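Following this line, the structures themselves.
Shared between the two complexes below is chain A, which has chain B as its partner in the first and chain C in the second.
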Partner chain A sequence: MSAVDHLFAATAFAGPMEQFEIVSIFPFGTENINLEFTNASLWMLISVLVASAFMFAATNKAQLVPGRMQSAAEMLYQFIANMLRDATGGEGMKFFPYIFTLFVFIFLCNLLGLLPTIPGVPHALHVFTPTSHIIVTFALAMVTFLLVIITGFYKQGFGFLKMFVPTVPLWLLPLITVIEVLSFLSRPISLSIRLFANMLAGHLILKLFAGFVVGLLAADGLFKAIAIIPLLGNVGVFMLEILVAFLQAYVFAMLSCIYLNDAVNEAHH
Partner chain B sequence: MPEKDDLPSIDEYGERLDKARPGSVAEQLQARAALNQSTALGKGIRIASELLAALLLAGALGYGLDRLIGTLPLFMLIGLFLGFAAGILNVHRAMNETDASLAEGGEEE
Partner chain C sequence: MTPVLLFLASGAEAAESSGGGLPQMDTSTYASQLFWLAILFAGLYWAMDRIFLKKLGGIIEERRNRLADDYDQAAELKAQAQDAEKTYIQALNDARAKASSIAAETRTMLDKEIAAMQAETDAKLSGRVQAAEASIAEMQVRATAKVKEAAVETTQALVEALIDEKPTQDAVTAAIAAAT
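On to the complex of A and B.
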């Protein structure tokens, strides 16, 4: 077998969905409650550690004229602060720590998932994207959703429910209110589907294109030359994926800000 | 003082710096992000998720209600219809939000 054949055998064994498999690293928990530490937990932990390390390093020796690291951290701070201020008009700045954490965590989960896996390491240590699992994104979306509901009732009392009653003719009101409530309840679902579907689709495309390259290299003669096309395609898709990693974190945080706006400011209809 | 001629005060320097850059780095990043929100796949998934979420939720709620009181297809169908309406409302809002964020944070509704 040639080297390419070996490569092909190895990739053919690992299908495009293999990268999303959850693998237990060490088991934990009781018979009914499974709390094991998996590769998803590992990569979420790595994201948190990377974010913490970056922020600590950047603010460790803070100076009036910032260095490179400090500039990057300040830029990030300003970016999130502006986004939140634009969406909630200063009223929601109390939620800055939450939105900042949310953005950085999602962004790093997305981005670190694009790192190449070191060949030959055990399956549990393969590079993994936690945000490509809907339960992870749904949990994040539910935190935002519950935060909006609790803040809304805390700030506005039952006046919060006014957001479900737009100004429409009286005979339409029962129907529209039901639709508004359904629309509100569907927010965490659409929020989580969006992030998860983007990450899933991106990683699938990358893997499929990579599969084409290996498949074409295993073929005879002229077909080998065609392999350059999916390879170049993959380079393009990869660059797009870096953009998507940022963009989806931005969209998630941005929509969280917009939803929080409903809670802290009374709705204008 | 001779230094006054060649060394501007820190305020003057700040003004010059502000004039020189077209907008803060954060603003530029934000503008770029808003522009790029229109990657075709992203936009498609956005619309699909808004529509699908409401439909799934309302359908599931109706189905659950049916299972509770044993009127199986009735509330599920009503739920699907209402969910479709809510989904359209979601898509409408989502598109408005994108437009509003492009037109510099205009207030929606």
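On to the complex of A and C.
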């Protein structure tokens, strides 16, 4: 068996869905509730640690004239702060730590998931993208959703419900109100599926193209030469995925800001 | 079967063997994923909120204040400089005005002095002229008297030589006075 055959065999057994499988690292929880620490937990932990390390390096010796790390962190700070301020007009600035954490967490989960796995390590240590799981993105979307509802009622009382009753001709009102309520309720779903589906699709395409390369290399003659096509395709897709990793984190944080605006500012229909 | 087809088939097989669907739909993993997500996200939120963003926001705020202070100070110093310039120009103008007034004063004083000296000299000179004129007049009178005296004497001498009789002085004088 040649080296290429070996590689092919390994890939053949690990299908394109293998990268999304949850693998236990150590058990945790009760008999009824399984809270084991898994590869998903590990990569969330790695994202949190990378974020903390970056922020620590940036703020450890914070100076009036910033160094490189501090400049980068301040740019990120201003970027998120401006995004939130533009969306909520300053009323929502108390959510700044939440939006900042949300963006950084999602971005790093997306980005670190693009790292290549070191060949030969156990399955539990394969690179994993936590945001490629709908339950994770849905939970994050629900945090924003509940934050909007709680803040909305707390700040505006029942006036918060006015956002479902825009000023339209009376005969349209029942229809519009139903549409407004449905669109409001679908927010966490669209928010979570957008992120999850982007991550899922990106990683599937990467894995499929990589599989084509390995498969073609295992074949004879002309097929070996054709392998360059999916390889170049994968290079392109990988660069695109780096952009998507940022873009989806940005979209998630941006939409969270826009939704929070409904909660802190009265609707002006 | 080509390797490509084999690969695709194996992928489908693997998906089937893992419960016949997406690993994302395996609800048995949800509790664990939610649990660790909650802990780690909350932990990151806490660290961001209490430590990192506070520090970063503090330093950004401090820099903004420092810059604003520096701008204020610069504006103040500029105002001070402008004030100083104004004072300087004022002083310069004052000094110039003073100098010109002093010059004018000196000029008038000198003019007065010169006028006084001229008047004095004029007075002195006119006094001398008058004295000279007076002495000239006196000399004229005296000369006239002397001429008359000489005329009398000459007349006496002429008359004596002609008629050998010397006329009296009074008679000659009267005769001359009548003739002139």
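Structural remarks
By our rule, the second predicted complex is superposed on the first by the 269 of 269 C-alpha atoms of A that agree within 3 Å, B and C clash if a C-alpha of one lies under 4 Å from a C-alpha of the other, contacts with A are read in each partner's own complex, and residues count from 1 in each chain.
Just so we're on the same page, contacts are C-beta pairs under 8 Å (C-beta built on N, C-alpha and C of every residue); 3 or more make two chains touch, one makes a residue touch a chain.
Just so it is clear, the structure is predicted and the values come from calculations on it, not from any experiment.
Looking at the shared chain after the overlay, A:41 reaches chain C, while chain B stays out of its contact range. By the document's definition of touching, of the two partners only chain B reaches A:83; chain C does not. After overlaying the two complexes on the shared chain, residue contacts for A:233 are found with neither chain B nor chain C.
Using the contact criterion defined above for the overlaid structures, shared-chain residue A:178 touches chain B, although it does not reach chain C.
When the two complexes are superposed, the chain touching more residues of chain A, out of chain B and chain C, is C. Of the two partner chains, chain B is the only one touched by A:243; chain C is not. By the document's definition of touching, of the two partners only chain C reaches A:29; chain B does not.
Applying the stated touch rule to the two superposed structures, the overlap between the chain B and chain C interfaces on chain A comprises residues 78. Chain contact summary for the complex, chain C toward chain A: residues 2-4, 6-8, 10-15, 18, 22-26, 28-38, 40-41, 43-45, 47-49, 51-53, 55-60, 62-63, 66. By the touch criterion given at the top, residues 75, 78-79, 81-83, 86-87, 178-180, 182-183, 185-187, 189-190, 193-194, 197-198, 201, 240, 243-244, 246-248, 250-251, 254, 258, 267-269 of chain A touch chain B in their complex. Note for the complex: chain B touches chain A at residues 24-27, 29-30, 33, 36-37, 39, 41-42, 45-46, 48-50, 52-54, 56-58, 82-83, 85-87, 89-90, 93, 97, 101, 105, 107, 109. Across the complex, chain A meets chain C through its residues 8, 11-18, 20-22, 28-29, 33-38, 40-41, 44-45, 47-48, 51-52, 55-56, 58-59, 62-64, 66, 70, 73-74, 77-78, 96-98, 100-101, 104-105, 130, 132-136, 139-140, 196, 200, 211-212, 214-216, 218-219, 223.
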